[in-house]
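In the two assemblies presented below, chain A is common to both, partnered first by chain B and then by chain C.
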Partner chain A sequence: MFNWKNGSLLVVLVGFIVLPFLPFGGKDNLTLLISLFLLASMASSWNILGGYVGHINLGHGAFFGIGSLVTRALWLEYELPILIALAAGALVAAIAALIVGAPALRLRGTYFAIGTLALAEAMRLTVGNVLPRVSRLPGPALRSYDIVPRYYLALAVLAVIVIFTLWLNRSKLGLGMMAVREDEEAARSIGVNVFLHSILAFVMSAFFAGLAGGAFAYFHVGYYPNYTFGPIWTFDAVIIAYVGGVGTPFGPLIGAIFFVLVRDILSANLVNVHLIIFGIVFILIVLLLPGGFTELIDRIRQYVMPDTEPDTGT
Partner chain B sequence: MEINTILQTLMFGILIGALYGLAALGLSLVFGVLKILNVAHGELLMIGGYTSFLAFDRLGVDPYASLLIVLPVLFIIGIAMHLGLFSRIVRFDEEDRIKNSLLIGFGLTLILQQLATRAFTADERSITTNYSTTSWEFMDLRFPLVRFSGLFIGIVVVIALQWFLHKTYWGKAIRATAEDWRTAALAGIDIRKMYLFTFALGASLAGLAGMLVTLQGSVSPNIGLMWTLKALIVVVLAGLGNMPGTFLAGILLGLAESGSALAFGGEYRELVGIVIFLIVLSFRPQGLFGDSHV
Partner chain C sequence: MKRIVLVAMLILSVMALGSTSMAQDEGPEFIELGASIPLSGRYAGPAIQVDRGYAMAIEDINEAGGVYVAEYDRQIPLNLTVLDDESDPVKAVENLEDLYSNEDVVVYLGGFGSDMHAAASAVGEVNATPYIGVAFALWDVHQQGFEYLFSPFPKSPELSTAMFEMLSSIEDGPTRVGIIAESTDWGLELTDFWTADAEEFGFEIVAVEEYAPGTQDFSDIILAMQDAEVEIMLSLPNPPDGIALATQMAELDWAPAFSNIIRAPDAPTWIQALGANGDFVAFMPGWHNAMAFEGVDALNEAHVEMMGRPSDPLVGPSYATVQIVAAAIEAAGTLDRDAIRDAIAATELDTVIGTVTFNEDGTGNVPVAILQYQNGTPELVWPAEFATADLVYPAPAFADREPIGGDE
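Now for the complex of A and B:
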């Protein structure tokens, strides 16, 4: 099924695929884009549970951490091919979500948020205690390090998540999730299994965060294992999703582009000012524009072309 | 292990626990009355710490006397924060209210942390007075003055809060608002004023805890998350609204941490509180003590 939206998406994807062969496809730009893809992947995967079902998961970084931990171990220590290691990492993250999900999803609203926050902190502390040393690429791998496959892997992970979210957005499963978000009681009364939809979203969200973590493990030369479990991965994802437009397939992408642009422009002269600006934009959006930039774009489009339908991202 | 080491460690657990309890009092009050969860509570504590540090460093004000500056400053910051941000969401229904407050607090956390880093750098700051190392010896146990002052101040604050909430008109009005704001409004209580006052009071309590944290240890821009988490753990352990129960739960958390440090080594002391918290949360979402009312 072809339409203009999918067509332009395809053009963007092809553009990113040929980019490393173009003159401006140097190492610095590729590194920047990898960072963009990872942040967008985290925001998009958070969006599946936070945006579509409305459960605020403040422990999302833990699944990124699990993905990176398992992928890195299988790839470096057991020398499995990276794609298999990546799939295993994401699978373990999904299984972790399945185990945690049953008790966690019994918690109402805020308690779910602070429960997941505490859980991620517990994991971060444990990993820091058990694996206190920096995980570095071994000598041979370091000498043959090439950024291009890392770039493609991060791009592929993001593409998979976006395509999945696009499918979810118009599937029966996605509609069920949105029904749970809008009104749990009403959803239940029309035959939507609230718990099943919630836990499925949680597992998928964790799976994709695990994929992103695996891509990070493949990309990064050296880092402390507990860094990937840190709250920063969760917090960036939540903010990006909200600023871009929570509960829409393209919102997290728009948010991530804005985030990386602001960060890159400002970090040249001022340390971390982008976080202050982002914090302010974020609060303004929560108070005044709950749909984020996506809603803003829709409103502008409606103003310019009043006869078009409001865009829900399909 | 010597019995003295055990007793000394457990005593320090109680003393740090008094700070956890103090940090949790304000959060519990605001959560219980306004039904909003301010995750920037730890950042208010951090601001209180810096305020008393500045008063000591620039003006030479004694840290305990600096409370005369810290409490009003935090009260005003609380008023500004409530009027500017949180008052806009208290009209929502309960679920949206909590969710939006969480997100706003989250944004505030980012902003305040970065502003503090820019203003004070990421270095740890502490207050060193001529009595900082003063301690009494009793039966081979050490009783450091500044740490004991935290427990003492905590007990005084809990008694004062208990008196205020149960014996004064404003306190009763605040409790009525927490119980059922519609009925309270019908009875002629100015709900908006109660919300504003409670939020500012909560901020002042965070500032008080911040002064003690800076005096007993140090303050740096990123301590907020850790203290918010501790306060949340205590609030969930204690349940909402019971001030002595909240303070006691803080002390229990401190004891549990130091006990686990004795049993498993220091690197796991942070973990035990979180694990207890998760267990309590999965069995009793409304906490150990008290019910869901102030």
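Now for the complex of A and C:
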């Protein structure tokens, strides 16, 4: 169904598609936007489990790492086409989530968060020990490096995740997940299979994180393999999701835009204190807007147009 | 009347065109250089030395009027834009693209840390912009066919060779070598060079023990070294691992006759954490302010004025980097990036770190400094012509060491 929201989304998407052909579509802006798309993809994929089911996964970065590791190896070492490598990376991340999720989802609340964090750290250390050498594109490949296909791949990955989340938001599966988040016992009593919904969300969340990791592997010129398993990928995603609006389809997008803009503006102008200010800004937002920017937008919209539905998706 | 107006218009047009071409001939207001430096995050401590070295050199060059560029027939001052990458390679790539697109930089100056350089130097290659960096000794980065990467800083092969040259100079010196190898790219690379050089210089490798970064218990490794009767211990730990290793060596009372620990002792925290147990360790931070090359005295004076002490180890190489870039721009006579790249490749320049030339792979030919902590002070013990103290060999047993400063 076409409405103003879908129409706006389409306009934004078309804008991003034509951007490389516009005067301000230079390499600097495309590079910045790739970072934005990757962070938004990570936050959106984290949101599937953390926002819709309510399980706080602090090991989300591990699936990003698996995706990047598999994609990079298949693309660079086995010279497979990037799209096949990307799909394989995401699939391996999903399988890993299935294996890990079965025991991990027996844990509850803080224990689940700590368990996933420990697992990701163990994977990061193991990958660092097993693959200690930097992964970089060779000189000739760098001299013919083109940012535009990387940009489109990152954009496509984000678009796929957003479209999936929009579907999830209105689907029976998504409603079941939200029921689990609100009250597991109540959900069980109305016939919702709590474990199945949880593990499905975990696997889907990991699949999309793996896709984002694969896009990163295609984009980045040189990095240590364990870098993509780092906690920063998880914590940035969590911050973005909460600031934008956890459990909403557009919250992670809004959060990512705010995150990248504020980070860049502060780091460019307040070199010595930007991290402290960045932290304070985020604390203030979470305190004053528990529902993130989505809540603020809903409040404004309901003030201006009192008959509209809130966009919380809850 | 019409003719007068026409002539006037022609004269004005010629003047306008003339002034335009004069404005073009004057060139830019500044020569733009760019750097992405980890001013926050895990590398912030040592990276600040790099930032300081760049700033001091640019100030000195600009005070002298800037760099002469033949294309514009005038001296143009340097302008360095530094962006903080927060010790994050992704941010470093963003920063360098930003500097290329918005600041139109003609040369990138490097930041700090092997992983940061690995990402950042690749951007230089993508943008066909010279990237010149110090504070990384990884040789492998230079073996990837990069054309725009340069580094006037000692690399693993030179570190290894210099160490064995110094050890060979000891009369009736030690011969039995043990390597405590960190399982990182630099650790494994250096282990290969140590192994090859040991054989070439007539030493015997009697033990090689590998460990993962973050290891807290080195006791098994130390016992293996003791069993193998190691006299020369070579290692490359990061600071926390290095402090753990040295602490446990003291606890197990294993003081090899000679210890070369690279990287961990570079920071002053080494002696603060270990006291006398950190003494007599040889280390190789890349440069020392007692290496009396041209300009070092002035640099030390300026550093004393600014920081209250002579130049820090990374200030010299960073300062030299800007000297090299300035000389290359002058030699190129233009701000064309490829011409500057060729001029850097052809460098033969006296700098504060000695006479610098570059090899085809972009590695620099620079002197290697070996330092040794003696009574808590980092003394330069090699090259012999600049030494501030003789090498203490063999290292005394831990139980026989005096407290640092002798007043505790």
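In this text, the second predicted complex is superposed on the first by the 292 of 314 C-alpha atoms of A that agree within 3 Å, B and C clash if a C-alpha of one lies under 4 Å from a C-alpha of the other, contacts with A are read in each partner's own complex, and residues count from 1 in each chain.
In the analysis below, a residue touches a chain if its C-beta (ideal position, glycine included) is under 8 Å from a C-beta of that chain, and two chains touch if they have at least 3 such contacts.
Bear in mind that the values here come from a model prediction, so they are computed numbers and not experimental data.
Within the superposed three-chain model, A:242 lies in touch with chain B and out of touch with chain C [touch as defined at top].
In the superposed model, A:190 makes contact with neither chain B nor chain C.
Contact with chain B, but none with chain C, is seen for A:286 once the two complexes are overlaid on the shared chain. When the shared chain is aligned, chain B comes close enough to touch A:108, but chain C does not. In the superposed model, A:56 lies in contact with chain B only, and not with chain C.
Applying the stated contact rule after C-alpha superposition, one finds that A:231 touches chain B and leaves chain C untouched. Contacts of A:275 after superposition: both chain B and chain C are touched. In the overlay built on the shared chain, the residue A:118 is in contact with chain B alone; chain C does not reach it.
Applying the stated contact rule after C-alpha superposition, one finds that A:140 touches chain C and leaves chain B untouched.
Counting contacts by the rule stated earlier, residues 125, 129, 271-272, 275 of chain A appear in both its interface with chain B and its interface with chain C. Chain C makes touch with chain A in their complex at residues 39-40, 82-84, 86, 88-91, 93-94, 97-98, 100-102, 114-115, 118-119, 121-123, 125-128, 140-141, 144-147, 183-185, 187-188, 212-214. Remark: chain B residues 37, 85, 88-89, 95, 98-100, 102-104, 106-111, 113-115, 117-118, 225, 229, 232-233, 236, 267-268, 270-271, 274-275, 277-278, 281-282, 285 touch chain A in the complex.
Of all the residues in chain A, the ones that touch chain C in their complex are 26-29, 31-32, 35, 125, 128-129, 132-134, 136-140, 142-143, 145, 220-224, 227, 232, 264, 267-268, 271-272, 274-275.
If you check the complex, the residues on chain A that touch chain B are 56, 103, 106-111, 113-115, 117-119, 121-122, 125-126, 129, 231, 235, 238-239, 242, 271-273, 275-276, 278-280, 282-283, 286-287.
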